[in-house]
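Take a look at the structures listed below.
Across the two complexes that follow, chain A remains constant while its partner is chain B and subsequently chain C.
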Partner chain A sequence: MVREVPPALRLAAWVFTLAAAVFLLAPLVVVMGVSVSENQFIAFPPEGFTLRWYKAVLGDARYLSAAWVSLRLALIVTVLALVVGGAAAIALHRRTLPGSEVLATLFLSPLILPTIIFAIGMLMFWSAVFGPVGFATLVLGHLLVCLPYVVRTTLAVLAESDPFLEEAARTMGAGRLQRLWRVVLPQCRPGLAAGAFFAFNISFDEAVLSLFLRRPGLTTLPVQIYGQMEFSPDPSVAAVSSIMIFITVALLVVIDRVLGIRRFSTG
Partner chain B sequence: MTDRRENLLLLLPGLLLLGLAFFLPIARMLVLSVEGEAGTLTGEHFARFLTDPFYLGVLWRTVRLSLLITVLCALIGFPLAYIIARAPPRLSLWLIVIVILPLMTSVVVRTFGWMVILSRNGLIPSTLRDLGLVGRTFALMQTETAIVLGMVQVLLPFMVLSVLGVLTRLDPRLEEAARTMGCSFAGSVRRVVLPLALPGLAAGSVLVFTLSASSFVTPNLLGGSRLQVLAASIYRAVTQTLDWPFAAAQAVILFAGIVLVLAPYIRQTARAAHG
Partner chain C sequence: MADLVLHDIRKSFGRTEVLHGVSTRIEAGSFVSLLGPSGCGKTTLLRIVAGLESVSAGRVEIAGEDVTARPPEARDIAMMFQSYALLPHLSVAGNVAFPLQMRRIGRPEERPGMVRAALDTVQLGALADRFPRQLSGGQQQRVALARALVSRPRVLLLDEPLSNLDARLREDMQVELIAIHERLKLTTVFVTHDQEEALSLSDRVILINDGKVEQEGTPKQIYDTPRTRFAADFLGASNVLAVTVRDDGHAELADGQALALAAPAPPGPAELAIRQEDVAILDDDDADGLAAEVAARVFLGARSRYVLRLAGQEVRALGPDRPGLRPGATVRLRLPPDRLRLLARP
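Take a look at the complex of A and B:
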């Protein structure tokens, strides 16, 4: 198949692929380069090699508290998204409720609506009803962004599962909870795992909601970086950004071990 | 307990969340956009946007740049997805990693990378200056070119993955059949692959357009405050001028524009699903 492609075209394909790869990776490589540069100012290519920007970041209370907010937020959101989204997907899959199709669309609708639109809605609604925004607002907002991913991945796994297993458990006398816990949940596991990775990654990197719902003391890592970039970017911004890239790489390695990257990325 | 009640219980937390964190906020935004000083109904916030040449310029820039970004993503994304789909397994896997690693990295981080590359002494401007292609005063930051470059990099993975999702399910024998019947390589791509990949290309385009029209982090940081797009203008109205009704009206305009783009697409996919 590939052999039939004319050689000139194959060469063009190689050049194109290489250029696209450079284009896609350039910002990440540049950020990592700047983070180890000895230069006081942001400059690429880097001069020399130093880890002092990393040291500066790890000793900076603003970055540390932002990292703590981000990590706590991402973990809480991931757990809640798994529980709420997993339960919803199981119910939607069974199709016993009237309008299950419509309900499924409803659950996936936050996927197509740009975050900014409901971010400002969330800010306005929360301020009008509950007063100043806080950590709980951020959790709810992130949860809503992550929920459809968990619902979608779990529904996809359930669609390929054996519908008679639960029936069999029922005829063998298993109770409701037992069936859910011992039969349905294990079937959902790959979908829940994929959903968890999506949820953690999206929440940890999310900037739009976090920018709209920010207030002093409630700054996530991406928001802290954004603020630093707007006013006084220095190589320590590159060091934090690189740490975020390393976390992403680590997450990708775990995803590959647990699910396989191909399966994760093309559904 | 009946089966139906069990399912309702399972679904309830999700439904509550959707109501509290999605539908009520959107409703609140819609109400705020048409609310006057004393709670009366007014269209003044919309009128202000639609009669001010500055904001019409913002709207036009948003549409124009989003279209350009979508077209560029399609032009780069389709061949890239095709190469990934037809490459040997190991190479294809590495290419997928190259596509999703940036996607999974925060937009803020990637935009920072572009700021470094595009700044006065950054890689691209200094290379162009060294080659004598541009003058001494040449700058890329705070230009529309910078916004487009950054946004294409940010959104390209969505396009590649949408097209790839369709292409991986495509039977390669279809192409082989076309080739054995005397079709050239370009002919088989144009007559066999492209038509069959169209749903992925359409889905990717809608996604890229929507995301690009509604993003403000990258345009704000690369374009500056002079080159505002709609989403950046909303962010300013919320956080700087604190004019929430005006922000709500702008968000409704963005919302309406996106519905306009999505509607034909949803109708099309619904028809495809039923027929």
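Take a look at the complex of A and C:
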């Protein structure tokens, strides 16, 4: 049933959408503007146009090593989150485990728990049991924070799939592994794609956990930006932030091409 | 030779037994319907044949081999689901090729030809590259059928495959199923709750009620000679009359009117079944029949259905439209003795 929307309501909807877009996009515009400013200090509107801050960032060993740590970390975390989260979602969906409801809630708990409390707990636990923190600590911490997203998105697509597909595959001669590979995983694909996108971005962007779990010589990009902002704020911070925005957008395009995130977002 | 033998199949879910010892033999190349109301256990029985459901007791044999303990993937079967269960990420051709790949049937280079032949069988050759979501319900159903046929299984299982189609498509598909079965002669087990569908499609009908085989036979046997009240009721179009068989071999109604039986029956209370089209309404002046009162007349086009009251019981008759037979009118009925079936006592 299509009903005529009153003009006033339609106008309100437009204003609301526009306001949301402005609030979301304006900070990005400011950051990108500052990153090409000739001004020595962070100031908006930008003065002139220069790429020297980009040059400074790309020539700065601290930024480069932090970026390398962040990139490796995000990639490893994404792969692990897909494997662990995907398997967890399939198991939860089938309700083969006793207490599936409890487990489902448990998998969501990192979303609810304040990250700072989790970070302190993780630091204390790790130091007491395994000694000094390191890259593995970061991987584990990020993985726990990213898992709920993969589990949720994968469960969502599984909930919409035909429950008889696997039985049908059995009657067509497909064994356990063939069913997983040729029937179940293809069903999960849009959910895994969306989950991968969330996992990469959250890990790449995560500052609180990384701040607590870092050690000298092991700093992630967000932590490096935060430090720079505190001690010598100049437009190089804006330049590196802009680079992060480009990487995120590029990643979105790649994941969409490879796994088809669009299918997930449009149902 | 029997392609499928079920021996005393029992199945319980928790404490509830839903199949109470079903045995039957299904001959190679035959088309058999499992007919019964919903909840009678017919779908569970089909899933047991497929291996999707385990048995609590009993034995399943396919082509002479005991397959009771084997999973579906190790049984020479194919099954068509009520929801079709097409794999949404595979094209039509990909779906039809799936059982060939999984069961390693034919060499890889032979498979496209086998897929094409199966799609041609259901007249879908032109849509091989489409995806399931791009097809209508009727087309999806044909893909599911092609996918079930392509591996030429020893036993083809169809789980209410026509129930999601509208009436016209269902009729077309029934005709097509008969033609395909004539051509391929695959041993087929067809689950349905539609008695007309079962009677028109199959060589044999297995009527199931409450987890037991109620009656088994050719469609004609089942239709003409229902042995129990359930069979008479479920196959529709039958009247069931409560009577008392007298010592002289006649059956007496509650009001004392008597009707002749073709064969001697043991005296005592009994039930008689007679089909609607066999109840004859005689002309008014013929005093030889049973007196009954017209309760309603329903015009059906080619003929009319009369709802009559005979000795306090409802009797339905089908016959030419007679506008004079208004509700309240008294008529004379003839129930031909050779058309009356004495039902087994419950």
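In this section, the second predicted complex is superposed on the first by the 225 of 267 C-alpha atoms of A that agree within 3 Å, B and C clash if a C-alpha of one lies under 4 Å from a C-alpha of the other, contacts with A are read in each partner's own complex, and residues count from 1 in each chain.
Basically, a contact is a pair of C-beta atoms (placed from the backbone, for glycine too) under 8 Å apart; a residue touches a chain by one contact, two chains touch by 3 or more.
Note that the structure is predicted; figures quoted are calculated from it, not measured.
Once the two complexes are overlaid on the shared chain, A:L140 sits against chain B while remaining clear of chain C. In the superposed model, A:A168 makes contact with chain C only, not with chain B. When the two complexes are overlaid on their common chain A, residue A:P132 makes contact with neither chain B nor chain C. Once the two complexes are overlaid on the shared chain, A:P216 sits clear of chain B and of chain C alike. When both complexes are overlaid on chain A, the residue A:Q178 reaches chain C alone and has no touch with chain B.
Counted by residues of chain A touched, the larger count belongs to B, out of chain B and chain C.
In the superposition on chain A, contact is made by A:L251 with chain B only, not with chain C. Those residues of chain B that touch chain A in the shared complex are 1, 3-4, 6-8, 10-11, 13-15, 17-18, 20-22, 24-29, 32, 76, 79-80, 83, 86, 92-93, 95-102, 104-117, 119, 121-123, 153, 156-157, 161, 164-165, 168, 172, 175-176, 179, 185, 210-211, 213-217, 221, 231, 234-235, 238-239, 244, 247-248, 251, 254-255, 258, 262.
Residues of chain C touching chain A in their complex: 50-52, 71-73, 77-79, 81, 83, 85, 87-89, 98-99, 102-103, 147, 151, 157. Contact residues on chain A toward chain C in their complex (touch as defined above): 161-162, 164-165, 167-175, 178, 182-183, 186-187, 189. Residues 1-2, 4-6, 9, 13, 16-17, 20-21, 23-31, 34, 42-44, 83-85, 87-88, 90-92, 94, 96-97, 103, 106-107, 109-110, 112-118, 120-126, 128, 140-141, 143-144, 147, 151, 176, 201, 204-208, 211-212, 222, 225-226, 229-230, 233, 237-238, 241, 244-245, 248-249, 251-252, 261-262, 265-267 of chain A touch chain B in their complex.
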